[in-house]
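Look for subunit A in each of the two complexes below; its partner is subunit B in the first and subunit C in the second.
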Partner chain A sequence: MKHILVVDDAATVRLYHRNILESAGYEVDEAVNGIEAMEKALQTPFDLYVVDINMPKLDGYGFLREIRSQDITQVPAIMVSTEAESNDRQRAYRSGANLYLIKPVKPEGLLTYIRLLLGVSTHIRPHLSNDKAIDR
Partner chain B sequence: MPIIKQQSPQLINIDERQRPRDFNGLVAELEADDSTARRWAARDLAEFPESVEVLVRRLKYEGDPSVRETILTTLIRLGNPATMTELVECLRSEDAALRNEVIEAMKELPDEVAPIMSELLADHDPDVRIFAVNILESLCHPQVEEWLIKVIEQDPHVNVCATALDLLGEVGTTASRLGLEQLKARFAEEPYIGFAADLAIKRIDES
Partner chain C sequence: MNPLLEQFLAEARDFLQGIAEKLMQLENDPNSTVVMNELFRLVHTLKGNSGLFEFPEMTRVLHAGEDLLDAVRDGRVGYSQELTDRLLDAMDFVNLLVDEIESNGGGNGSDHGQNALRLAESLRQLIGVTAIADGGNAKASVAEAFQSSSAPNMPELPRLAELPEQQRMALYRQALAGDTLDTLLFVEYTPEDECFFKGEDPFHQVRQIPDIVWQSVRPRELWTASAELDAYHCNLIFDTLTTAAPEELYELFRYTPEQLRIVPLPPIVLALPHGDPNGGAVYGDFVTDALRRLDSGDMAGLESVARTMLELSSPDLWLASGLRWLLLVLELEPGNRHAQRTLIGSLASLTLPVWTTPETATAVEAVAGPGSGLVGEMFSDADARAFADILQAQREILGLADSDAWLSGRLNAAAAALAACHRRAGRIEALPALEAALAEALDNVEAAPLLAWLDAHAPLDLSATVGPEAAEEAEAAPTPIRNALIDVEPDNKFGRRAEDAYVGPKTLKVDQDKIDNLMGLIGEMVVAKNSLPYLASRAETQYGVRELGREIKTQYAVINRIAEEMQDAIMQVRMMPMSFVFQRFPRLVRDTSRKLGKEVNLVLEGENTEADKNIVEALADPLIHIVRNSLDHGIETPEVRRAAGKPPAGRLTIRATQEADRVHIEISDDGKGIDPIIIKRKAYEKGIIDEVTMERLSDQEAVNLVFAAGFSTAEVISDLSGRGVGMDVVRSAVEKVNGTVSLESELGKGTLIRLSLPLSMAVTSVMIVESDKQIFGVPMDMVVETVRVSRSVIRTIKKRQTTVLRGRIVPLLALNDLLAIGAEPLSNDDDELATLVVRVHEEHVGIVVDDFRETVDIILKPMAGIIGGLGGYSGSALLGDGSVLMVLNPRELV
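Right after this comes the complex of A and B.
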C-alpha cells in the first residue's frame, strides 16, 4: 500500500485529504507544519507528499527545499495552495514540487494526479526533476 | 602553542549594551555584522515609537532567526498604528515566511488589529483577506465569529470562504449555522466546501 504524507495546518483540510486518499486505498499520515513533516519524512519512507504552502513555523516551500537539498527523498510532492499567481507556481517548482494545484481540490483530480505521479516515480524516480513536472 | 582565552558571549552582550542607546545609535547597530548587537538594538528600539519603519525594513532581509524574533517582539510591544500599517504591508510580501511571522505577531495585538479587521477583510487582494482570516484564528476578540460569518456570507472568493469555514468549524456557534447552509448552496459545485460545512454544522449541532 502506498504511503502518503498530508501536510497542512488546517485540520479540516487534512481530514478532507485523508478521506479522499484512504477511500482510494492509500495509507495516510498527517503533519501540521513543515517542521513536523520534516521529522516524519526522516523517519518514514513516504511515497508521496501533499503539501500546503502557508503554514506556521516552516511553510511548504521551506519543507520541500529542505527535503530536496538534504537529499532525504526525491519522491513526488504535490503543492496545494490558495495562491494562483504564476510566480507562486514557479516558486513551488523551484522549491521541489512536482505538481502545483490550486485549492479547493476536487477528489477525482487529486487522485488522477497522484496515480500519475506514483506511476512516474516507479519508473524514473531518480531522474525526476522539476522541469519535467506535470502541470494541470 | 599559546592558549587563547575566548571572550564569553555574556561579556560581549554587556559590551554591546554599554554603547550609546540613542535612536540613531540603535538604528546603526541594527545593521551591525554581529547578530548579538543587532538583537540588542532591536530590543532596545522598543523605547522609540518612531522605530517601526526601520525595524520592519530590517525584518525583510534579516537572516538570523533570533534577531527576527526580537524585531517582531519589539513591534508587538510598540503596537501603535504605525506598527499596524507596516505589518499590513508585510502581508502583501512575496516572502511566505515573513507573512507567517507577521500573522503570528498580529494575533498578539487584538486591540490594535480589531479596528482595521473589517478593512483587511474587504481588501482587494484575496490573499490578504485569507491572511486576515488566519489572524482571526487565535485572536482573542469577541467579534471573531461575527467577522467570519460576514466572510462566508459575502466574500466572492471560494478560498477566502474556505479559510473562514475551517475556522468556523472550530469556533462557530449556532449563530453561524444559517451562513454555513447558505455557503454550501453558493458553492454547491465545490466538494471541499460541502465537506467542511457539513463538518462544522455537525460540530455545532452536537455542542
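Right after this comes the complex of A and C.
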C-alpha cells in the first residue's frame, strides 16, 4: 500500500486530505509542521508528500529544501497553497515541489495527480483486493 | 455533524481566540513583526480551512482580513487602531457564523451575505488606493470570491457558433490586440429555483452585465409538459459572453455570487467554422498538403495554399469559413501550431473543433499517439490533463536557473515524477532514456539533459520556444554547485535520525462529557469502596470471622489509596488555568473603556493559577460583572482623574493566587472608591435599611450593602452595568460554588474586591448531623463550631431564641423547624442542645440538631429534576452503606 505524508498545521486540512486519500486506499500519516514532517520522513519511507506552505517552526518550503538535500530526494511532493500568485509557485518549485496546487483541491483532481506521480494505474478498489485473496 | 466539520469548528474557535490575542498584543506592540506574521498565519490558515466548506460569507470576510494583514505586513498599509477595531468586528462575525454552523449542524448561515460583504468591504477600504492600483491582486481575489475561474475545465461552447462569424472574428482580433488574453469572459448565471419568490429578476439582472458580446438562455432540465410545468420554478441558465472586467460582474452579482460561474476564455475558442459541409471531401488533398506544410514549418506556403483554396470556394461553405479562420489565426497567432492543426483537422472532419487549453490538447495527442494503444481505456481526459500539468510543472522546475545546494535532489525528484507519470501513462519506452538523462544531469549537476529528454519525448508547442531558452539559462548560470553541495552540513539541524524515537503530540483534546463521565464513575467507585469497612465489621460481628474482617480491611487500605490517587488524577485533568477567563479581559476592558471615554491600563497576574473547570467557568460571569463595574463606576474619566491629582490612565489589576485548597482572586482599581455615605442614603431610599440602622452602620458595613439585593449605585444608568443586576448577583454566583466575596474600599483611592473559591468542588467535606432520626449533611466550610448549649442559657430576644457564645449573640434555629419536621429538638442527659454554629453571610447562626455524627468526604450531586428547585438543599450524596445523604444549604435555609 502506498504511504503518503500529509503536512499541514491546520487539523481540518489534514483531516480533509486524509479522508480523500484513505478513501482511495492510501495509507496516510500526518505532521503538523516541517520539523515533525522531517522527523517522520527520515523514519518512514513515504511514497509521496502533500505539503502546506504556511506553517509554524518550519514551513513547507523549508521542509522540501531539507528533503531535497537528503538521501530521500526522489519522493514526489505536492505543495498545496491558497496563493495563486506565480512567485509562490516558483518558490515552491525551487524548494523542490513537483506540483503546485491551489486549495481547496478537489478530491478527484488530487487523486488523479497522485496516481500519476506515484506511477500507479488505478485506485486500489476493494474488489481488487478480494480477487487477490481468492488467488492466494 | 460530520467529523471534518466538527474538526473545523473546534479548530476555528482556537484560531479565533488566537487571532484576538494577537490583535491585542499588536495593539501594545504595533511594530512586532513576529506577532504580525503569526496573526497573518492564523487568519490565512483559517481562511484556507473555511474554503474546504461552503461558507462563502466566512471565506470572504477572512479573505479580506488576510489581504489587509498582508498589506500591513508588507508595509503597504500602516497599523492603526481602526484596523484592530475592524478586524475584531470581522472576527466577531466569523465567530457568530461558527456558532450558527455549530447549532444548526452544518446548515449554511446564508442570511449573512450582506454583512459579509459590508465587513469585507470595510476591511478592504483600509487597504485603500494601493489595492485598486494593484489590479492583479484585486482580480485574483474576485476570482476567488466566485470560486470558479480556477477550474481548468472549459465550458462546452458549441453554441458560440450561433454568433455571426464576423463578430467572432472582430472579437478575436480585439482580444489578441489587447494586453491580456483573458479579457473575454464566459459567464454562466444559474438563478436559484426560488428566485422569483425573493424578488429577484434574473432576466433584468443578466441584461445589466456590461459589454455583452453574446447572450443566450437555456433550460437547466428538460422542459416538462406544459400541464405539469411549474411556472414559478426557475429552470433557466443564462450564458453570457462579455468583455467586462470581473470586478464589474462581482459588483453586479454581489448578493448571489454563488450562482455565477465565470470562465476566462482564450480567444481561440471563437474560431468555429460553420456553413454548408457539402463539397468538403473533394479537397482531401488540400488537407494533406496543408498538414505537411505546417509540420515542415512552411508557413508562407501554408498561407498561400489556404488563400488560393479560399478563392476557389463558395463563401458559404464550411470549408471557406474554416479557411478564413485558419488565415486569421496564421496572421494573429502564427506560433499557435496546435490551433492551426486543429482547424485543418476540422476542415477534414467537417466537425467543430474542440477547443481546450493548448497544453491539454497536446497531452491528449501525445498520449494517444502511436505505441500507446493499450492506454486509451484507463487513461481518461482528466488523466491526460493532469499528465500535461505535471509535465508542465517539471518543465518549469527544470527550467529554474539557480544553483541551490539541493539542486541534485530537485533533479532527482523531477525525474522521479516524470518517470512515474510516464509509467502511469503506459509510455514505458521513454524511461531508459530518462534514466540516462538523469544520470547525465546528476553528473553535471544541471537540468539541461532532463529538459532535452522532456523536449524529445513530450514535445509541447508551448515549450518549443520556452524550453531551450530556459535550458540555456540554466547552462549559462555560474554554477559552483559542487562546492555548494559540500557546504551542506553533514549534521543537519534536525539532529535526529531514524533511530530516534518519534515524539507525538503532547496534548489531547477530549470531549468534556467523557471527562465528566469518568469523574462520575470514579465518584461511584469511591462510594463503593466505602462499603468495604461496613463489610469488614459485619464479617467480624455478624459472621464472627475476624480473620476475614482484617483481610478486607487490608485490601480496603490498598483500594482506598488507589481510589484517592485516581480522584487526584482526574482532578488534575479537569484543572484549567485562570487565563481561560482572563483572556477575554484585554478586549473587554479595551472596548468598554473606549466606549466610556476612559483610559485604563489592565494588569493581569497569576493567569497560570489553576482551578477546577467548573470553578473557572463559574467565575467568568461574576468577574466580567466586577470588571465592568470597576470601569463604569470606579475609574474616573481622565479629566476628573487629573483634577484629583491622579495619572490620567486608571489602573485595573486582576490577580489570581492559590493558597492551600483555595483560589483567591483580587480585582482592584485606583478609581474613586465607594462613598459609604452615598451608599447608606441610597440603601435607606430603597428601603433596604431603616433609619436606625443607617445611623448605626459602620463604613465597612455600609460598603457591604452593595451586595444587598436590588442595589445599584450608578447615578446614570449606563448601558454597561446598572441594569438592575448588581453585586448581589456576583455574590450569589460565587456562593453557588462555595466561594466568598468581600469588598474593601477607600474613598478617592480605589476599590478592592476579593473572591475566594475552592480549588475544586468535586469532593465536598460535610458534617453529618442527626435530627428526628434522619441524617443530613452540612458543608464543613460553613461550620464554625459545634457546641452543646444548655437550655438554661437560651434567652428569647425579639421573639427569637438566642444565646451568647464567646461574647457574641448567636440566634438559635431548630433544624426541625427549618425543615418543617413536627418534632421537638432532643437534648442530652445534661439537658444540653447540640448546636451547629454556621457562618451565613458573615453572621453566625446556631442550628439546633439532635446529635452530631462524623464528617465524610462525598461527591456532591446537585439536585436535579423536580427537586432541583428546593433551595434548602445543595445536593445529595451516596454514603458508603448505600444510603442517600441530603446535604443542606444553610444560606438558603436560614
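Here is the rule we use: the second predicted complex is superposed on the first by the 118 of 136 C-alpha atoms of A that agree within 3 Å, B and C clash if a C-alpha of one lies under 4 Å from a C-alpha of the other, contacts with A are read in each partner's own complex, and residues count from 1 in each chain.
FYI, a contact is a pair of C-beta atoms (placed from the backbone, for glycine too) under 8 Å apart; a residue touches a chain by one contact, two chains touch by 3 or more.
Please read these numbers as outputs of a predicted model, since none were measured by experiment.
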When the two structures are overlaid on chain A, which partner does A:82 contact: first (subunit B), second (subunit C), both, or neither?
-> both
If you stack the two complexes on chain A, which partner ends up touching A:54: first (subunit B), second (subunit C), both, or neither?
-> both
Scan A:35 for contacts with subunit B and subunit C and give back first, second, both or neither.
-> second
Contact breadth on subunit A, by residue count: subunit C or subunit B = C
If you stack the two complexes on chain A, which partner ends up touching A:107: first (subunit B), second (subunit C), both, or neither?
-> first
For A:16, is the partner it touches subunit B (first), subunit C (second), both, or none of the two (neither)?
-> both
Thinking of the overlay built on chain A, is A:27 touched by subunit B (first), by subunit C (second), by both, or by neither?
-> neither
Touching subunit B in one complex and subunit C in the other: list those residues of subunit A.
-> 10-13, 15-16, 19, 54, 56, 82, 103-104
Touching subunit C in the complex, subunit A uses residues 9-13, 15-16, 19, 32, 35, 38-40, 42-43, 54, 56, 65-70, 73-77, 82, 84-85, 89-90, 93-94, 96-100, 102-104, 108-109, 112-113, 115-122
Residue numbers on subunit B that touch subunit A, as the complex places them | 94, 96-97, 99-100, 103-104, 126-127, 130, 134, 158-159, 162-163, 165-166, 169-170, 190-193, 195-196, 199-200
Using the touch rule from the top, collect the residues of subunit A that touch subunit B in their complex.
-> 10-13, 15-16, 19, 53-57, 59-62, 82-83, 87, 91, 103-107
Residues on subunit C engaged by subunit A in the complex (per definition of touch) | 3-4, 7-8, 11-12, 38, 41, 44-49, 51-52, 140, 143-144, 150, 378, 382-383, 386-387, 389-390, 393-394, 396-397, 400, 402, 404-406, 408-410, 412-417, 419-425, 488, 492, 494, 496-498, 500, 502-503, 505
